[in-house]
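Chain nomenclature is as follows: A, B and C, assigned in order of appearance, with residue numbering initiated at 1 for each chain independently.
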């Protein structure tokens, strides 16, 4: 019994290692070391230092954005109506929605159609449609109401216009108006983020900034990259687009906040980087739906209780604050996997050397004999060949 | 000195490789090659070709969505009030919020409570609550105002109704109305995305599409998979839900835009795929909170300046445009890690062959003798055993 | 021909394995096994069991949130105007935006400026600015309108006030009012998620919950962790912030829904975990922009058609429902990579043993002779040395 256990223990506590052949040759030795050097350089320089393969990363950022716009503008209007003549617009008028979330619009131009009541009227003849041919089409897509099929003719006109049912009078959006100047407006952005994997929380401006510093700064990519206050005119310029056209037709601007954090370094270096793009750039070549606009209505009631509305076609610049981020921190698992890959790759370098040794070197045959020992077990010839082989080896 | 350096150099430029035993045996040879073939097939077919393990991937998509709804509907209403009788609703009336973001609601049914003033009145007795028992409960959750505790009795009624304070008269939402037909409405979706890791920007319709093509197309999964205009009726049908119920109770529909991009191929093949789901599907079995509705108010003022409001309980179909994506591109690090894993796995295949060779084959003992060379260093028996072992081996 | 093929086949179906040296030594054997044990423990315990490295994971969660607030509050107001005296506020009044998305504000305090008309008036002198020095600055940032540069003096005052153009009278936001008590309000959250990689869809409350159970429960982290109804007072308390200050100045609260799903287990265990944080916490040390407020206006018309508005400065608690998640499921590729890393690491353990064997053990020389076989191919000395080496070995 004790003997069996002893046998088991001596068998268990053994150490098995590969038997090596050491080749002392200048050419192979140098090739071997150069290959190893290249592999090590690649791993140290690229994989570990540049690509930071020793870190696990979290791109699943959690973000909350609060925005606040400031500024006043003069709204030009097509109407002679005193209501909209050179009106001073403030934040409550031109920012929509008002809650200050990451997506907000600054209205630059308003086509206002006042005093619309439900009823029947002619559509505005921007398309100069002859009644007889088109008024029977159901739901003309460009019509501002349901086409009834009837044709309304003025005594002076020869072809008349389609009658529509809906909010009357119809909007006439073919009017040209100058957009409001929004260049001097400022946007304040408060962004707090968290990397859930590492439980790291950061804000987009440092806690050491005083209230006064924040209020009086303006963002500048080099001079003031951490100031959270952006001049609208600057933002539009940074996108490299035609600002006049943007203001006039509307557009979608992306304010990108990028967090690239190496959590192995000082957390204070985990700061945001802003970039500005025109979001509808991929559609630049398409003629359709250039710009950005939307319609909304304000509802009123007459004394006798009938509802009427003012329709607004608002051309706006929509700002989307988009937060992306990536945090990396040392983690044993990717480190180990990449270390193993590194060591194994060095091993694979030996394959190259073997090929050279076995085929292209003077001592190839002799090296082959040293490296390989044959055991012949092919059934048919087994006995004989093995003998002869054995014999040759020990000869 | 020169001699030491020479010694160092000859030691440094050596090449060390493992000594191998080559077994020439049909059975083990065939097993070895089959195992290798299986491992190579798995790696080439599954890991590299199917799972594209040679790519690094970016799922952290950056997306901006712009939507625009078109169409007119007739709103049915419970009131005899002329204001809401067969009213034609346009986009400014039924889309909320109006800004055309990725989340928007199309209102299908409105329960309107006009001319609400702050004051005291009876709650609507949809719950036929007897005054004496329930009017003293604070904040009855279903009440449309604060329950004062008082009981208001009509002469004709025996039990009366609770008095409430708030906006009066109270809303009666137990009314049945037909929903508006929104099937013919269309949704235009403009989606531009970016994969920040690879800095690739794409739009959801090709720049070669002309304005006319876009305006006149309708999305169809097979015939027109890239058209960005969706018929609401089609979208509802694609979800496989009961459309009548959806329109009547409201619901949440997810319009999923999936970007699956292989950036090693032509960038033109990086196109979106749309799918449509009912988002509250996980709650289908729960009886609570079926459908989707929200309340909003329009505020008015009487001549003498008292504010009153019209309360709207809006049943709506909420559309959430959700963009997900994954881009893959060749990268050396995952390629190398998987190659190393592949080569190492082939090496592990040898373990199986070794087990067969060492245990189940005719020449096992002979193979064992060839593969293993023993060095005995156990302290107690070291000297003697080593000698005998040495002797046996060289016998 | 047949012979060549036969030769090729016998060469192809061979099996090559490394020749091993088995060292029977207590010290090295024990060290070897201990090193192996440590490596195996690390891989099994940390890499596979704790870090679940056998799973591929999806953090790219797709989520849709629906919220509904319930409750009534009494709004205190600065005005003697009957409109706002002890007004009962309901959901349509205090929730903004009304659509019930993942981001919504509960208004706790309203500074109301009624009957604003476009015109010219003095700004409210909260800054007691002397006309002569500041009225000529363009666009004073704190002014509620465009400063015209004129100075308006009352007969009684010595320095007067700047004249501004815009909505008059100007807002005076320096008034102190008590916030509305929102603690008893409740928030119902419906969250449905999908992990696109695994196509798993889940809802934030179990389908077995009856309508009655859901209506009557209140969320509690331990007693009722799956109830989707949250008391606002509780949520504010969970953040650990000063609730009185939050209500009075407004704030941003994050309601975090975390999905941590192991899809190898029963899918029923894939449930959400809620946590509550104050989102502007990273800015706690900054004096600027504490709290949360926004401005919006209601528009009215006089009988003769002039538009006027009521400006609201709303202090609100903004709730951001943020959904994060991670799902893991067994996948062959990470399993294989980590297994290979594990086996390779065990192999690397041998390096340590080799160092001990070759340098610190009694039998080192003898072990060295066994492990290494030399082939000398250095050009200069090649012939002679090889001979002598050969001779020594076979001596």
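The rule is short, and it goes like this: a residue touches a chain if its C-beta (ideal position, glycine included) is under 8 Å from a C-beta of that chain, and two chains touch if they have at least 3 such contacts.
Protein identities per chain, from UniProt: A, B, C = P2X purinoceptor.
A quick note: this is a predicted structure, and the numbers were derived from the prediction, not measured.
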Touch-based graph of the chains, sorted into line, ring, star, complete or other: complete
Fraction-based call for chain C (P2X purinoceptor) against chain A (P2X purinoceptor), same above half, different below: different
Rounded Å distance, chain A (P2X purinoceptor) centre to chain C (P2X purinoceptor) centre (Cα mean): 17
Chain C (P2X purinoceptor) residues counted as touching two or more neighbouring chains: 10, 16, 18-26, 28, 59-60, 97, 300, 303, 337, 340, 344, 370, 372-373, 378
In the complex with chain B (P2X purinoceptor), residue positions of chain C (P2X purinoceptor) that touch it: 10, 12-26, 28, 59-60, 62, 64, 66, 68, 70-72, 81-83, 87-88, 90-93, 97-101, 114-115, 184, 188, 190, 192, 196, 201-203, 205, 207-211, 214-215, 298, 300, 303, 310, 332-333, 336-337, 340, 343-344, 361-363, 366-367, 370, 372-373, 378
Of chain A (P2X purinoceptor), residues touching chain B (P2X purinoceptor) in the complex: 10, 16, 18-26, 28-33, 46-47, 51, 53, 59-60, 96-97, 103, 105, 118, 139, 141, 144-146, 165-167, 252, 254, 256, 258, 279-289, 292, 294-297, 299-301, 303, 305-307, 309, 311-312, 316, 318, 320, 322, 324, 326, 337-338, 340-341, 344-345, 348, 350, 353-354, 357, 370-379, 382, 386
